[in-house]
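Mind looking over this structure? Questions follow.
As written, the chains take the letters A, B, C and D, and residue 1 is the first residue of each chain.
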């Protein structure tokens, strides 16, 4: 894979694992020593990503129990690499044997074959959403570090499913409110309609996309390293690396296009004794550097590629064939993607908080 | 800057320079030896980015003459770092002295101050769009490499200014068509309206945003390194690092959200003797790896922060003050951003083409 | 640890694990797809590093059974990260409890405490030689790749123990000859004296240092990336990162100092149809790039810090105290270090072989 | 060159330039903002490296005037990349035209040709010692940062030329003492003999090697990132990347091999209120991390490859030929190498001082 499974400069995550191999996991290198962390805390985040949580997610049953293999001693990090392991449990390989000989539309089957020549066809192999387990486990460590050291809070939620969009108060939304319903949209009315839409899609053997929004509150001004490692750039990279991500926005995003400078610019003012903006259309980032306001990002997910309807495709020999998926599937990955989005944002912030330390002499 | 000015793993660009210092430039490290390249070829791309090209861009007059300082011998690259220098010429520092004492709204003045303590306030310093000179110079080398070695062609164009959107044939659009008008939108009718809108905005002392779309044709299947250095992720990082970028899309992007799996998936077929998709809603990338179809990306730019209208802000001492910009400005950065977008996409592809070499044993 | 546990650019090893935690291991990212590899092949190399092999190594008994957790499917690598796990078995933590309160001389106890504040004092934690397990496991994959893809062979051996130096034919020495005796010196007469010296040192409760030499045969000309990632530089970094390493040489090394240009230079000649040197005082590397001759490196190891004699030191509170080690120890780490040296050299060569692919246009 | 011209993680140096191109230089990225630095300070270090300083160095006359192109504003660093340019002046290309057609023994001519296919044959191109100009310029910034921020002092000197070894007090030696004679050995008696030996070698058309020792005083305990970015490993890489380097040692180095644990270990004691070692055979680094004692390193340089005697070699077509160098040459590179060694050590320490910031929570 030409070494593409490591993320970060100082707070660095390396993930590994395939859908149906012995397990998945990660190594977190660069976490400062002295951070209290337990397997239970990591488990809490993993449970939000794992399949089988509710009727609207895939029914694959995996307990996803995490084991800390290194880097934590007497309850605190030691500064050495933290290795986290999750064994694969309910891996019904037999469901996937037919995938060996064809390329599923809009999956990574063909591109992995084109790239690597060989391919672990069982459940999508490395391209399975199971890959995100390592991200979420590592992200849990980053979240703890951000909370403990910097007082930063990251909250992600489902903002939109298909054309149903919720209304969310970015300054007030909590994880509890997000987890209050199975679709993880903190707007209860919209959530109910989203769940209905997902149920409908499942019944039709179809799938839905949507938008996850994520806010980071309490981020100090000054994070981000121009000109290529701007905070915007690293968030974009982090979130666009998640399976099925197709679009990214900061602040007003694509809506800023139809505004004018006079209506988009955020005036500065002195508030609570420090320089603040009176609006936050910049989404907390200006010139690629955090300005102390709440960071606001969105990521668009395409509808899940797996559907239960017949589709045209080709075999690995290039013969036209009709393919119809069988077994368990997620008609909408959004509710589970929330944990991954949160993890990736936390990883970026943890890394940049460490990098920021060297910005100035005094 | 905690070392954020280097981009790429194998084909690596390091840029440097401020708006009003002695010059701007870059070092390209990792370009294969034996590539014919001349200063004139690089100059051609720089001329598309430089200010003062037409009445709709800033009237700052700079010739932006590039000098090759190393890495090219007898007309071809030698495999050693290519150092490119562009002297700053028309740098009227006196225009900027008033900027020392306040933070312009939605510029990087405040965040640079918060991060670094000190700040080169002349013309935005490193945060000036002049920084992109080094990107375009380095991108010209990448473009040559892609054309010569891989037959890959990258074409960017203005798709939308404010709410005026052009119609473009992605498979056929050429640089000549893009450069046929001063706004660089290859749809002549839309271009005329865009130019009018920019003229109007200038008259009003206001500014406009827009969308640049970029296509890469001829990219072989197999480029991209899951799970973090996916092609989608690296394109997102590259394009979101450009000043004023606020959103990124691949393929259908945010529009994919309201499609369903059954309407978004790209069926595979055998065409021209190889595996192709019959539609290209994936924008040429599946599972983070190129699939051989045309790559389609879009980047949203906010309206330029500099406007000629009075705005509320604070001084560096935190006192409220009204600020009104003087001097030259770009009411819409889009026509000049085209060259930068093209450069960044070329840099990503050149890097991944080199990385791809190690993907498989045979 | 500020992310210091990853090695390599394209063929990239990340190691993790402490002496007395649940296990040790590594992730190999960037190995090309299609390489046949089995747990047994990796096990073979691990068995050469593990303790308890013979009467001259530590009697800590660990089976060190490796498990492949990812990246290998149907017997070949898939191009995705290869995660390797070795559980810690015979970890008698009780032996180490007294180490909590003092700093052993010339161990890393004090420096880890100074750096991290907290410290896993059990058996040296991350600074234990057990850390090398991950290196050797990852190195086994690199060795297989080098052999299969490039026909490169890496052989390391004990050249010197204390003042006893063997004589070795660098062009002919084999792993079988190295493993023919327990000290891993392919000169049987010298080996016998080395074993005697180690036995004597153990009896005296003292320890010995020595020199491991390593040769790489069949390396093509052209590997190495000036000016900082020269082959010499990367070998030096790789070997000086091994615990107890104190010196590094290439070719004539420190002996070259007393030669003159006229007696040190390697004349070129045409031999076997290609450019060769008639001597090899350069050790196969010129200007930081391999020249096609056999690569010759040496690494000096200090005597093991653990000795059974009383030593002066201080407690963590700074009180002077006499310390005398108890339990199992290696009076000479050299015989086991051979596997680690071989692994590190293989890792460097595998990485540079991949990097070399992008050096020229044709 | 597959991107090998960048050094460092947070304090990052990128060098560029060939012997006979338009110039040489570097970009320093990641230097904290607020450091006072002038071109004169950098010039002081460059003057120690440049040719033509004295009768024992090459008579190539270059003024090597440095220009700061970016990253410094009103006398202090701004946190943005610092670009430094030195124009090549006295480049007599005509002296080198005969080098196009043959490979000089023990130069990099052949290996560059093998690697890159093309080669800038003028004066060794990138492999010329002129390449070190960028290192020394960047190292001057690192030295200033270390002095100002950390009170760290780096002093290098010629310890040995051929078989003449000086005696030096590592705790007291100053740059003034080093520069007191033209060979830069602070032992005046040894220096006189070294100068004589170099004069003799020049007369004979031959060349000499030697050893540069370097000490770093005032380095705080805790720098270095196990297990691969240990301080020992990074120093080794840094110093072995210098042209003509053939060996590296820390502390007792190769001499530690014949000591025993009981005679090599450094006992700890409480001195001046902190944990100190009563001897310093470890050379200030234990477990790859600084322990607060003076860091002691040595690097062995082979005799200069250029000699004025006839040598056997081959042409690029593989024909045997006798080659005899003409023109100016350095019979011993050691006096000028001192500045480069100092620069590289400073670069490593500056980088690790920044990385160390993230080691622990409090």
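The working rule: contacts are C-beta pairs under 8 Å (C-beta built on N, C-alpha and C of every residue); 3 or more make two chains touch, one makes a residue touch a chain.
Keep in mind that what you see is a predicted model, and the values were worked out from it rather than measured.
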| item | value |
| --- | --- |
| Set of chains whose contacts include both chain B and chain A | C, D |
| Farthest-lying chain, centroid of Cα atoms versus that of chain D | A |
| Mean-CA-position distance for chain C and chain B (Å) | 45 |
| Gap in Å, rounded to a whole number, between the CA centres of chain D and chain C | 26 |
| Intercentroid distance (Cα basis), chain C paired with chain A, Å | 38 |
| Distance from the mean Cα position of chain D to that of chain B, given in whole angstrom | 38 |
| Residues within chain D bordering two or more other chains | 1-6, 9-11, 15, 30, 33-34, 79-80, 112, 115-118, 126, 226, 354-355, 358-362 |
| Touch list for chain A against partner chain C, complex | 1-6, 8-12, 14-18, 21-25, 27, 29-30, 33-34, 67-71, 73-74, 76-83, 85, 112, 115-120, 125-126, 354 |
| Sites on chain A touched by chain B in the complex | 1-7, 15, 103, 105-108, 110-112, 114-118, 126-127, 131, 160, 162-163, 201, 206-211, 221-230, 232-241, 243, 245-254, 256-262, 264-270, 275, 277-278, 281-282, 285-292, 300-307, 309, 311-314, 318-320, 355-356, 358-362 |
| Footprint of chain A on chain D - complex, ascending | 9-11, 30, 32-35, 79-80, 145, 148-149, 226, 354-355, 357-362 |
